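A, B and C label the chains in the order they appear, each numbered from 1.
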Amino acid sequence: MATQQARTLGRLMLSPTIILLFVWMIVPLAMTIYFSALNYNLLNPGMENFAGLDNYYYFLTDPAFLAAFRNTLVLVGSVLAITVVFGILIALLLDQPILGRNVVRLMVIGPFFIMPTVSALVWKNLLMHPVSGLFAWIATSLGLEPIDWFAEAPMFAIILIVSWQWLPFATLILLTALQSLDAEQREAAEMDGARSLSTFLYITLPHLARPITVVILIETIFLLSVFADIFVTTGGGPGLQTTNIAFLIYSQALMHYDVGTASAGGLVAVVVANILAFFLVRIVGRNLEA
Amino acid sequence: MGSITLQDVRKAFGPHVVIPGANLQIEDGSFVVFVGASGCGKTTLLRMIAGLEDVTSGRIMIDGANVVDVPPARRGLSMVFQSYALYPHMSVRGNIAFGLKMAGLPRPEIDRKVDAAAAILNLTSYLDRKPRELSGGQRQRVAIGRAIVREPKAFLFDEPLSNLDAALRVQMRQEVTRLQRQLKTTAIYVTHDQVEAMTMADRIVVLNAGSIEQYGTPLELYERPANLFVAGFIGSPRMNMIERETEQHRGAATIGVRPEHMTVSRDGDGWSGTVRAAEHLGSDTFLYVDTPEIGSITVRCVGELGLGEGDSVRLRPDPTRIHRFDKSGTAIR
Amino acid sequence: MARRVAVAHTVTATVAAWIVGFVIFFPILWMAITSFKTELEAFNTPPSFLLFQWTTENYATVQERSNYLHHAPNSIIIAGGSTLVAMVIAIPAAWSMAFVPSRRTRDILLWILSTKMMPAVGVLVPIYLIFRDLALLDSRIGLLCILCLSNLPIVVWMLFTYFKEIPKDILEASRMDGATIGRELVYVLTPMAVPGIASTILLNVILAWNEAFWTLNLSTSEAAPLTVFIASYSSPEGLFWAKLSAASTLAIAPILVLGWFTQRQLVRGLTFGAVK
């Protein structure tokens, strides 16, 4: 296989991918860096001038940034916690002998295929609407005051929706990992007199450590840029309560037309994501023998 | 037609030299077996002949033409892989016909040739099955069918029988040999099983760390091993190597005596020793004898001698069948 | 005794699992049910679950206003087109890395993965400006290119993991049989990799179909796919939840079905092989 001819051909066939991805990564990134050093507003074309690090200064010291940063952390952290904890529980449940497991699997994975605009709107209007949403009806039937989710707890509402979208992903990966856990290994632990709790703590959980890490890292990459759910439900509000970094940058760029600041913010996002990506790539790289 | 010549063929993977330089002349129609220990470069050499691997330097001539720059598809050779490498998505017929299809033969001719090959290999009733519906031996036959149908200049086999069980291996061994004699096509066969090598080959190439140690007929290798490595490699149980210099064999650093070329008696002259272990196979008996003079010696006796552990014996080598080697390990003739 | 415990265990687990599955699936189910109600019924409290006048008028309305029929083809073109283009670029690349690996292959693979990690917001501004200057805003071809690039890493990775499992011997055998490398790709590799290629296509159609960052930011009407079409329901003047539900159901149904068929492969593809 490894003849010179095949190698040459191999390089030839690999190069379009490399070139495209390189351009796709480098050109916009370079432009982002360049814009981030300019005073550049789309409303005043031709007035660009060099701004040094001012944009970073503005972006990072803007109270909106701090709020968005906090919101991003809260959103990512809560969704991770919810999806991992419930993901483990549901995966453990689905790993039991169940009649009709395949149907249950299909129901559980359902939300993953729903486009974010649809799930956000369905949750907002059909479930969380303070007057005629299903939750309001449930609350009323139980004699409670219905909650106006997007006014009283907007961030929580977003977290709920996003968690619902990502729960299937976590569950399925963890379930796959569980099923690869050797039944014999578990039985051996039981023979050794381990009770189910200790089996879980000393056998199952360590086995899940890696898939959990993978879930966390991959979800983080996507959750850092949650956008559509916020876009169609709260528009970042009320106030800045549901504005995350992605949404803040979007609003700087396409609502305030402030290219310079938005670019600076974009780079901040890139840096954050790359720190995380570094760990993910290492984990994936470890069990890759190319 | 299919003579193959290697001239100073060298192969290195990066800094790691695998074949330091091989010269070999394979005559048209002969059956040549490469043997050697695991990792000695047999597969690498075969793949270079096939064109699946580049040569680092040197020339490979097929029928007098240098083919090092010719891609495998156009060398006119066919190969049988250890894993069979059948196309899982094609029927047996499709597998055998693939090469002919690639060569652009007309449909009726392909069918005729495939049917003929299938008849030779007893595959006629399996032609419409997929490879996964066949037994190991049948898959092996399909792989061979795929190789012969193209009427190549030479067949290349890389340990084709090693995935089969012992009985089937013997049967396929004979089948391959018969087929090759019948078709008179040059064959190069890689194995590390010396029984296969001895029984199938017209000529054997013994490889050691990428170097050709000896090239000759099976009996030449057995009777006149060129050096210590070949002497030790060919023959089972291994030849006894005696390093002590003895009067009779002046000039030899080592002498070798095959276990079957010794006579054993309870007394008389010869090396004295004690039987450490005895393996009784019925037809043969293997004795492992400790001698104070020359160390541990293996002896193979025909039949049952009634000797057992702890018995003291006398060993006498057949003087006409003692192999002598100099300090560098080369045979002294 | 042990058997009775096992039965009890199965019953408990089954009941619990079905409840959990139902709860998770409920919003989708509820949406589908609502889409068959009249607007009045949809807004009613207490809500009716199954006993109401089932109607398909919402679907008719959504069709009639023809918004849907304008946007659905956009989704199909953008999701399908970007996936196909990505496949054409990625199959040779994955072949190359799986069967002619070099010392750098591993690094290249990880680099390809890392490009997927770059957050879209980081490059939103330049891409938006480039699109504006090239008149690609709100164009199908523009979105197709962007989604193709953003999914390319996943496509390459999935194909690579599938190709890795194909024995190299078989490709070499075809070469010995006289196949050129092009024919080897067409007659041997591709048919053997069909299941993998199919699920790669499906997963990427799903991802592209649901992609909602670039589509929301780079299209408004002409090229807008269903994600954008649905987003226009975000500020409802008046009550048209039943229609929203009908439109949503139409938007997700094809992809939900596709997803259900490929769910097993999907998980593996998405983890880039990091979970077996």
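One rule holds in what follows: a contact is a pair of C-beta atoms (placed from the backbone, for glycine too) under 8 Å apart; a residue touches a chain by one contact, two chains touch by 3 or more.
Since the model is a prediction, treat every value here as computed from it, not as a measurement.
Interchain contacts join each chain to each other chain, per the touch definition above. Relative to the centroid of every protein C-alpha atom shown, the closest chain centre, again from C-alpha atoms, is found for C.
C-beta contact counts were set side by side for A-C and A-B; A-C has more. Note: centroid distance chain B to chain C, computed from Cα atoms, is 54 Å. Chain centres here are Cα averages; for chain A and chain C they lie 16 Å apart.
With centres taken as mean Cα positions, chain B sits 59 Å from chain A. Under the contact definition stated at the top, the residues of chain A that touch 2 or more other chains are 1-2.
Residue positions 172 of chain C each touch two or more of the other chains. Taken residue by residue, chain B touches two or more other chains at 52, 71-72, whereas all remaining positions touch fewer.
Those residues of chain B that touch chain A in the complex are listed here as 51-54, 71-72.
Of all the residues in chain B, the ones that touch chain C in their complex are 50, 52, 71-74, 77-79, 81-83, 85-89, 98-99, 102-103, 146, 150. The residues of chain A lying in touch with chain B in their complex are 1-5. By the touch rule above, chain A contacts chain C in their complex via residues 1-2, 6-7, 9-11, 13-14, 16-18, 20-21, 24-25, 27-29, 31-32, 35, 90, 93-94, 96-101, 103-123, 125-127, 131-132, 134, 136-137, 140-141, 164, 167-169, 172-173, 176-177, 180, 210-211, 214, 218, 221, 224-225, 227-228, 231-233, 245-246, 249-250, 253-254, 259, 262-263, 265-267, 269-270, 272-274, 276-277, 280-281, 283-285, 287-290.
On the chain C side of its complex with chain B, the touching residues are 167, 169-170, 172-180, 183, 187-188, 191-192, 194.
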